[in-house]
Amino acid sequence: MANKREGKIRAGIVGATGYAGAEIARLLAMHPDVEIAWLGSRSYAGKAFGSLFGNLYQIVDLDCIDDDTERLKATIAQLAEETRTDVIFTATPQGACMQLVSEELLSRTKVIDMSADFRLKNVDIYQKWYKIEHTAQQFLDEAVYGLCELAADRVKDARLLANPGCYTTCSILTAYPLVKEGMIDPNTLIVDALSGVSGAGRGAKVANLYCEVNESAKAYGVASHRHTPEIEEQLGYACGSDITITFTPHLVPMNRGILVTAYAELFSKADGTLPTEEEILAVYRKYYGDKHFIRVLPAGSCPDTRCVEGSNYVDICAKPDYRTGRVIMMGALDNLMKGAASQAVQNMNIMFGLPEDAGIGFIPANP
Amino acid sequence: MANKREGKIRAGIVGATGYAGAEIARLLAMHPDVEIAWLGSRSYAGKAFGSLFGNLYQIVDLDCIDDDTERLKATIAQLAEETRTDVIFTATPQGACMQLVSEELLSRTKVIDMSADFRLKNVDIYQKWYKIEHTAQQFLDEAVYGLCELAADRVKDARLLANPGCYTTCSILTAYPLVKEGMIDPNTLIVDALSGVSGAGRGAKVANLYCEVNESAKAYGVASHRHTPEIEEQLGYACGSDITITFTPHLVPMNRGILVTAYAELFSKADGTLPTEEEILAVYRKYYGDKHFIRVLPAGSCPDTRCVEGSNYVDICAKPDYRTGRVIMMGALDNLMKGAASQAVQNMNIMFGLPEDAGIGFIPANP
Amino acid sequence: MANKREGKIRAGIVGATGYAGAEIARLLAMHPDVEIAWLGSRSYAGKAFGSLFGNLYQIVDLDCIDDDTERLKATIAQLAEETRTDVIFTATPQGACMQLVSEELLSRTKVIDMSADFRLKNVDIYQKWYKIEHTAQQFLDEAVYGLCELAADRVKDARLLANPGCYTTCSILTAYPLVKEGMIDPNTLIVDALSGVSGAGRGAKVANLYCEVNESAKAYGVASHRHTPEIEEQLGYACGSDITITFTPHLVPMNRGILVTAYAELFSKADGTLPTEEEILAVYRKYYGDKHFIRVLPAGSCPDTRCVEGSNYVDICAKPDYRTGRVIMMGALDNLMKGAASQAVQNMNIMFGLPEDAGIGFIPANP
Amino acid sequence: MANKREGKIRAGIVGATGYAGAEIARLLAMHPDVEIAWLGSRSYAGKAFGSLFGNLYQIVDLDCIDDDTERLKATIAQLAEETRTDVIFTATPQGACMQLVSEELLSRTKVIDMSADFRLKNVDIYQKWYKIEHTAQQFLDEAVYGLCELAADRVKDARLLANPGCYTTCSILTAYPLVKEGMIDPNTLIVDALSGVSGAGRGAKVANLYCEVNESAKAYGVASHRHTPEIEEQLGYACGSDITITFTPHLVPMNRGILVTAYAELFSKADGTLPTEEEILAVYRKYYGDKHFIRVLPAGSCPDTRCVEGSNYVDICAKPDYRTGRVIMMGALDNLMKGAASQAVQNMNIMFGLPEDAGIGFIPANP
């Protein structure tokens, strides 16, 4: 195992009392090669973690340490040293991780950031979409975008890992093979996505109350959601040019799950015909056939979020529509798992030389 | 009041024990100008309607009559006569209403068909998408497509009314003004739609069990759903040419609601610029500003199914995406109400000279 | 119509932006004999009501006035006069209405209080359970406990009406006939109740977030819920003695609904036998057979919250268990309707001499 | 490891395509010491298991064998031999397992029965409540009632294990310590229980459709549910006498979970006082303090089904109500896990000498 102190990997979590942070804690508590060094929270500093999350009562036996960003940025390297922390997960809003990272910290500890701070290589785009000045641009080049299945080689040696967003992971994986192979016009790409409510976070807002969300479906962030440039940048790498897409997220009444339905115009083949359904699925199998956590479904299938719930799996399929010359690409994942926590652990596994599926090989539950 | 016997309008329902049929029964039971003459059901013939639908216990006090199509087609005109039925709602699967209608029946009774039998004027398209031979083609010309807000004039005099589908009503109303005004390229139209589970009907199928649908989101009928040609035909009339669109329905875990998110390329104006958000919404207000049941939401809004639940309202908004040159159009309605039962009653109201909102003026409940 | 100014009844709502207040607004907006004079809100003062509640957009066209209790208590009588308000609904937390009522106010305007301030006649019990000093004890005698079906005579002439709680309405109506007739031992009464989440209010609390409640069931307020003494007081009147009961509320994942399952020991009849199921149901029919909004279900039925959703109906049934000598009594209602808003309107109807069901005769929707 | 062939434990499942059967298959597919030998289904014989349960696609790679009871009863011993099956789970309705077991079968293979066939020692009670003649009474004495935490010693050597029901497991564990210690009067016990919908099974019935259950809560099987005598028998052993209780199950809209709220009269202590809350909880800790999968919550807590979802844990707490002299006992578990599949695997682990938590140590997910 690479780059760690002796014994088990020791992990700290900044922002452990949000849904993503708590899910990382839950996964690490079951991980055979990890022990949790500390759990940070500003709102619940000093509180027993198991009293906040009843599922972890008597299982995770730690009190939250205060992780206020202002305070922590001066002390995190020391904290890491004293607690012999091998890896820190920052499950924080945008703008926090950039304040915490430093050469001193990264020389001692790996950082896996769940926020967008190091996802976009283009700092102008980051500042435009997130309305935040980027104060740690010196690490942008080094940071590795951790969509594991597409970047395992780079993840392996990362010190600073930008864990992809939930919508982004699902959107990119769903469209990637056809973009990469030049089978679709990437500038015609429209990504229509549905999210479970845990994606909206654990903040106390009226809009996220049970009765405001239950029995309800609506779009939000239309033509302006921040995951848009992340999808554009990554798929742009795949096709070798800048692209512009439409991305529309929706909130639907379920706890977990991202469902992507993506549309694009198929390019004709050299003979002037459109690719067959089998040719399209063959491309998916070419890229994902050997990926443990990506399942290319049989022709005619439609991925269902419940079939990946609680797991690190991504289910994908696609169907051509010859009446319109388009292809409909579909993907499903669990937003708190492959869309956040279990992908972070998957990245951690790769970064520390563990088997990719260590501690995250759960089979989805049904129902 | 036109075309009826004396006293209240007397209504019969074929297929009253499906969700749409039972919803019509519920609405008619509250309608000040209607009395229910009979309720038909094949599966529950002879059973007390109020024992099947607990919400109607002690309110609708009728036993179901047997409405087996084979039997009924020989007797329905006589039934209508004997029961002095002014209007019959056929809340049946495709293929039933075409067997029941006849000149004899229509000369005595108005028919409002909830199925697709008389929605498509082009019989070839009907037969291709529904795989059923159309046996009552002689009534196709006469049948009026009852999207009330766009066809009130024709509805007024209809004897045979084809009540639009739930997806269709929402899709057409959402896109109509921009198609009609030539502001979008209709052949770039992609309709991505979500439906509550009542849209799948009341049949006992494993796929519709609570545990198979709850905490789940998935597409279905991709590139093949039967509401596609209905949308194409009606929007084709609006723009004066045949069009081809992509339509993708999804099932999401809620009882009621259709949410449409539709995408199309905006045409530039004469000056080469794209229309502003305000210009786009002004077109919606031009067509719908005087429609009681259509609410054009303020700029920046996203329709939410729960805000129309239990009502005949349709909420609509649109937003241009200048990065891509597209517009995102959004609409929401209650699939059992404006998408089925209350639109049928709205049509009945118009057909009998009643105020359009008689008996269906419910304000949506929240939550 | 009694006790009102000319024209329609003019109503004001204090606390109109909670779930109960907004539901009253929705009902009044559909009520043929009422117009809304003003809607109060502290948090949303100055905001358009229709922008806060999308269901009421373009339907309720009023801005919220500031109803901060401190400010309002000095001005409410003047406000009532200036706005010619005939009735004020106080949909506020405990402690607000007692500050607002005064002889001056009640001489001009009727007050229907949705809180507990005037529900308990025994002020010591109020102060013990609610931990609030009661500052308007002079109105306790006058205030009428508005469980309409049991108190229509007193409601008729009320100036100050205490609208019962949701759990309470369901619990009392479910047990009342057997307590009143002396068929059960009231001190063995155990009320186990389930509530939909709207009962927890519209406050922004983590505990009421969608993801904290969905896929979850739990008890709360065990042996300490404040609706307990209200049930005890009212059922105590029924049997003519002080009683003590056990009441356990639970939160279950649905928007609306109260379901009560109550247990008590049956008294033997004079001949030493226990009453038959039919004898038990006959008692229910004796008390409720002529009540428009209470449905005694057939023997063997179990009330279901969805069968009363959106309505003012209460469904009730009971079943003896001869193995244990107990009876299981069951009742269901919609907590925002019969448990709050529509019962308040029902009381208003009675207070103003309108038909009891005016504006609230909705048939429950299903599904 | 005791009593098995070489290598991993080989398991077969009769009735693998119900919810409990499929959940056992999922657990076994993750179990480090087990391999699935065969999966039986009558309805889906010949179908790929992974095509029926999308969550298991590409994970469980077996076709269902036909397990029609009539056919299987003649061949199951041979099947076990040929497939070297060490343990058979019968996830079937009542009446099937009794036809399959035989001395020949049990001499080769252990049987874990998920049905009620061998749960009740008193065959008269079985036949009365289940209306089935018991055809394998010779195994009733030998069969071990597998409530692991209370019977690990007997489970260890069992050949035929009766896996307890979901309601039963939760009810018994919740009340057992106070019954066993004589702190409550067991004949005053009232068990009020809520169940998620997966408890109703995977059969295609209208009553279990999404729209029939969602936004709904109701009791069922009042005074007649078949789990009643199972609770009575087991708690009767605990107190050493026959007891009679009231048990009322309810269906609430969530996939998984059993919540028990149980009521009983506290006995006074020798000094005439009632036991303190701390004394009550101490009794729970005495019995469960060393049980891995039972968590006694802190005083004042209310178990929540979501805090045990997806796990084998049971959360328990209790609160005295001194006003009434009763105690309210509360317990929560996942009906498909501790209430069915994971308890079955826990029993298997004990029967084969494995650590009790092997393959079932999942931490509950939240949300």
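Just so it is clear, A, B, C and D label the chains in written order, and each chain counts residues from 1 on its own.
Convention: a contact is a pair of C-beta atoms (placed from the backbone, for glycine too) under 8 Å apart; a residue touches a chain by one contact, two chains touch by 3 or more.
Please read these numbers as outputs of a predicted model, since none were measured by experiment.
Undergrad: Looking at the contacts, which chains touch chain A and chain D alike?
TA: Shared contacts of chain A and chain D: B, C.
Undergrad: Between C-D and A-C, flag the pair that has more C-beta pairs in contact.
TA: C-D
Undergrad: Nearest whole angstrom, what separates the Cα centre of chain A from the Cα centre of chain C?
TA: 46
Undergrad: Go ahead and note the Å separation of the Cα centroids belonging to chain C and chain D.
TA: That pair's centroid distance is 40 Å.
Undergrad: Among all residues of chain C, which ones touch two or more of the remaining chains?
TA: Each of 19, 198, 211-212, 214-215, 253-256, 304, 306, 309, 367 in chain C touches at least two other chains.
Undergrad: Quick one: in the complex, what on chain D touches chain B?
TA: Residue list for chain D touching chain B: 19, 197-198, 202-206, 208-215, 253-255.
Undergrad: Spell out the residues on chain D that touch chain A in their complex, using ranges where they run on.
TA: These residues of chain D touch chain A: 19, 22-23, 26, 29-30, 51, 53-59, 198, 215, 255-256, 295, 297-298, 304, 306-311, 315, 361-367.
Undergrad: Hey, which residues of chain A end up touching chain B in the complex?
TA: Touching chain B from chain A are residues 187, 190, 192, 194, 196, 211-212, 214-220, 222-223, 244-246, 248, 250, 252-257, 259, 261, 263, 302-306, 309, 319-321, 323-324, 326, 328, 330, 332, 367.
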